[in-house]
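Each of the next two complexes has chain A plus one more chain, namely chain B in the first and chain C in the second.
So, the complex of A and B:
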């Protein structure tokens, strides 16, 4: 079926022959889709999204309807409109068709698919044919920025919409419906990008940075209230928050300075162990129990020191060595934590048992372990941690942005692109790489100390190589060198497996595959850093001509797996 | 003295395994400057391929020696096939990409292969270790207080034969000379009429075949194989390659032996709390870091700093 959809999309120029009948087809398609969205899709009850009921559209029907509304707006000619309409109507086809198949496979045959679903499929196909029959703009139009007021409203609206969508998405219980929800958003975003809307929004948010940051922060603050007592997802949010803070830190190392750190979780673990040891836990082997902020700084400094010790010898060499040495360091850390148990080594970490019973945070009179009642909402204790993480993320982001726009940040870019040239230009490459590495370790250590309190225990197996890979996958998938990418990537990596339980087992398998595919087709990540994007794409074109005369010139078709 | 001799023997056995795997790293790195992180998984998948043939293809009463040869060939075939697919679909499209990209791809491939074996190996995946057939039985040979397992003797002999054969191939055959030329300067080698794409494939194939053999040997020595076995073995072998001087074939072998001996000696002779088997991996990595500080080009390597 995916093959059919793919074929359909690739061969869409075939429909150019219906150019004259375009309007008629479009009107028929819109009507059919509209009717389809309000009629039942399944003949049995219990399918996610209540699609068996007539009347108000829910689940997949709602996503199709939303795309239909967008498509109708594209009926008036506008730059990029046909390409956008095409993408959105393709989305209707894809979502309805996949839903049909899911209904059929869950209900035991195509007989269980009601007429509404078929109407939507046909309607979507007609819409798609209608748009594909018209001439398509190949270029994305560059929309004028417009007045400041428009920009402000648009940015705030977009961020609020994101919050609404996140809350809506999290409340979906069925995995299949969640996938359709993601697909709907994906098609919508692609269609909007063909209109030049996403590009415009990006430029507007850059222009109005203060407002963007404030609005995003406000949304994050409101989020626990918007989730209204759904403790499960707030708990997940607390995990995501800490993960995101760590990923932004790793993004400094990998995304800005271009150093591949495969043992980042070990620095996080150093912070966590220091945090747990200094927390006053009954199992801790260290008597000192300073206030949390002191412990945080100690943990961060310990991690940074280790970073310097590991980095100093290896950063003088080619980048590849760093990858393997950090990988080794990650293993050393885990083995060492396992063995510092009084039998195979000094008694510091209690070995495989780790340090349990880390008390909840208490800063001054503020006890993080309490449930709070604010404006009639009950907020579980993890909401306290969520807010603490927001502060941490904000700090890490500040470090990220300030470094990125500084002399140091530009030097990192120079090193990343060509180390020899950078050195020739007078950049002290070793010292700057070491700085990036140490800052990354410092931030990971700080996040780790907070993590010890959030999870109330530390043990060696929480800091395995897999975790480093998840962190790296978040950076790479989201976008190297961007904050938005880091946050999007970490949310995706933490939330999608939570949502799609059936996918839990194959999680690492898919992330491995995703890394390969991403490097092949979009190495700059979902949210691309402009400079980085150019860097990744500059060589492909220039070098394509230098294929050796004897070598067979083969089409690159690595995606056909 | 007898402890020392015994540990020396153990070191040589482990070292010859490391050396065999390290050869794959060193050849690929020498030619395209890529740390093939997936090489450890190629080693692992070879062992699993051999095991599959042993279980599903070979009839029960097969003589041990025939079984061993068939399993070895099957392991090599599995490893080589995997390496070819990986090279073709993951690495080749990135030949001219910035260096970070193939490195991340290699990690992705490595994860994918591990998980693939874990989830989809014959018989419901290989989630826990699988027993590996023992082809060579019999009592250990004792010479003056030093014990030689028959399996170990076999491992060392085969490893040395393969290493000698490989080095003769690289030094004397036409393809081998082309490999050397490509490693020295890919562009010039192309201008001299060498099909460098083919040479790169040859490097992957040779490395994978050796890794497949090493996989079977590891299985015979440990008695079990698991989907994670490639991870640590891969890092160790890479350490061995760096130790000897990456890109240098004799260096990889030497590095393997040195690393193997360093590990076994650390187990026996480091006193006090940080000694013993629990810390041997840590000592191996510390050795890597120390080597990188004092002799980054490795024991036999040329200067590698800033060679790009």
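So, the complex of A and C:
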């Protein structure tokens, strides 16, 4: 016993971050939280996550425990550890408190909250106090990149972990618990970013670009197998895929060229209407029924032409004016589609009825409506479309990355930074903005043609203003000017509202709240473009790139993943 | 393109490619005798040696213009300027056209170009052909006349200073030259072509500028800033970029090489990957110059290049401007630092309240009582009180 105590005493160095009292507070907080995580939180059975059972940490308790482990690692001094520990312990407090409120509201009062929950709240608060009483870390440390092997393992692990978390998250039935799950991940990510880990991961993935892309692609290919025939989520996945392809296209317009486009969904709609009209649907008013790939190109070109027609007179305007014009255009498109029903003009769109009965996609002998059996898994309708979307996303990504690392991409960035100076340096600002607009419209049109087949019908109400806003929100949330951000952002935008259905009416409210919080703490989005990050977080002064002249400097090319 | 830092003879090496000096001559010749054009254009293409001859040809051709110039130079008489100008143009084209079919031979035998009056400080340079010509340029903002009927000429390889008290309209005049403002009156020509349209068109013609308040792209690296300057001289489009076609790869390689040369030229080679906003002030000024040079200009317009610099930096900037001139460019400088202006420039024009007050060699301008008056006011004689 004495030996154990002595050993413990020798370990006190482990708490070196804190002063004497701080050590006590931190140790007490950690202990309380630990106990709290293994004791019941609710006095009634049936609360999601089985938190009424003692013994094993389930539901919210698991998230708190994970955060606690992280916090304990922060006891040892390390750069950025203070802020990270603070964030993680705040996460414990937040998660346990929200759980307490949900238990109280669902179980009928605070009496139903068991002692375990209170222990965790108090423990988390103590931890938070211990960290908050320390001097704040203002700087995020720049971790050395390390060997190639380490980078590879880390990148692959991170991407696989993402897949596991997505599958795990989707399997959570209860909305409230899903919210906790998200909160846990959010606090973890924030804490990790204060340690410089996320930044490190981003740099590593940029270095190991090929591996990153391959691993991400592999995960995407594996995803339908992991969901194993859960048609509901596979349908969502197919929606997300198409949404993501559109968002990456919009990211060229907004993220690279800096043009605020509030009517982007109209271009998507043009593609969809062209796709539906040329699909051979019985309701189509156009007799021509070309193969899908031709229809796709026609739809994309039609959208791009419209983009040029809208853009040519308006892109001489700057900023806000353009946003207003695009907003108006989006509405005009919807209303025009509603009225091109033959009553006063040609019958092209069947008006509000839209074009139903778009047949399944068939490219050659490949029918997208059939279910295939692979390795004992059934890959149905949505999986087929999901894979088709992956190809589309890959193509859009290629366009995005290659344009970004070219004279065109540089000119776009220059226009965004200082349009006057860009023009004075020989950048044809009007033409380049028009180009961004047209390329964005082209990609949206291509995605739209696929959408017509996926949803088997088009109607004007699918292309309302709020769809444009959602697209834009995905770009901003994910991170302007990055591909990873666009994909993560569209996943979040599509999946979170699905998961929050129990909130019914208020779910958009909560969603908005989440966006506001996001913009407060990470305005550059989930996956930050290097340049954006600088705009938001480096107001002049020294930074990593200007430190020692001899030190290797991160190449700017390939900043997007 | 030609290598950037050079200890080459002034005339042969030009940043903008050897074709530049010969070009206006061709243009002038083309007007009276269209048939002569192909022949005249040919010697412009091969590299250094014939180009040197062509340069000499251009200079020789400029001589008649030179003779007409004193009229232009008598700056006070702004109204009179238009007529002799026209005369000089016609003289030039007239003398040029017989030479045009074969510019090489007669030029070789031409006697060395005689020097015009020696200029203050700098060794006298042979005066070249007109690069930029502004005639009666006027800019009004509502009732305010910022620039009023200014005539301004820049010749090949010249460094011209533009000075004047604050608010004299110097920057507005610059803006009129570079298309950032449209003059309400008057005419600007660059190598005989009218300077009109958007700033990017004008930059493509060969006028490049820097800004009084530095306007770099702050969140781009120094190298990227210069690469943006290369934009107008590259032309790979969307398809070749997405396909990584041969044109894209060649242009990208050449642009980067050129940009690095230019960064070395302004001594920023080591800061290539530093963000523009993190560069020290003096470096930012030089980066702006490098970015402007990347557009392959024939004329560089510098708006207060030494503002906020210490004496050492100013001296370095002076060297830099001289080296730019050695590359075969003409330079116009707006500056408040009189020492800088009078040591550097071949000619100085003084703008006061939008009007050109005096123009001449630095010593002439320095000696002019009106300039002293404009800067310091009339000596107080006691009559007022």
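By our rule, the second predicted complex is superposed on the first by the 482 of 561 C-alpha atoms of A that agree within 3 Å, B and C clash if a C-alpha of one lies under 4 Å from a C-alpha of the other, contacts with A are read in each partner's own complex, and residues count from 1 in each chain.
FYI, a contact is a pair of C-beta atoms (placed from the backbone, for glycine too) under 8 Å apart; a residue touches a chain by one contact, two chains touch by 3 or more.
Because the structure is a prediction, the values reported are computed rather than measured.
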Touched partner set for A:321, first chain B, second chain C, both or neither: first
First (chain B), second (chain C), both or neither touched by A:414: second
First (chain B), second (chain C), both or neither touched by A:218: neither
Chain A residues touched - chain C or chain B, whichever exceeds: B
Which of chain B and chain C A:424 touches, first, second, both or neither: second
Touching partner for A:435 - first (chain B), second (chain C), both, neither: second
Set intersection of chain A contacts, chain C complex versus chain B complex: 417, 420, 535, 540, 543, 556
Sites on chain B touched by chain A in the complex: 33, 35, 37, 88-90, 92-94, 96-105, 107-116, 119, 190, 193-198, 231-232, 235, 238-239, 242, 273-274, 276, 278-279, 281-282, 285-286, 288-289, 292-293, 296, 304-308
In the complex, chain C residues that touch chain A: 178, 180, 198-200, 203-204, 208-209, 211, 215-221, 223-224, 227-234, 236, 238, 241-242, 244, 248, 251-252, 255, 270-271, 273-275, 277-279, 291-292, 294-295
Of chain A, residues touching chain C in the complex: 398-399, 402-403, 406-408, 410-411, 413-414, 417-418, 420-430, 435, 439, 531, 534-535, 538, 540-543, 545-546, 549, 553-556
Residues of chain A that touch chain B when the two form their complex: 254, 258, 260, 262, 310, 313-314, 316-321, 323-325, 327-329, 331-332, 335-336, 338-339, 344-346, 417, 419-420, 465, 469, 472, 476, 505-506, 508-509, 511-516, 519-520, 523, 535-536, 539-540, 543, 548, 550-552, 556, 558, 561
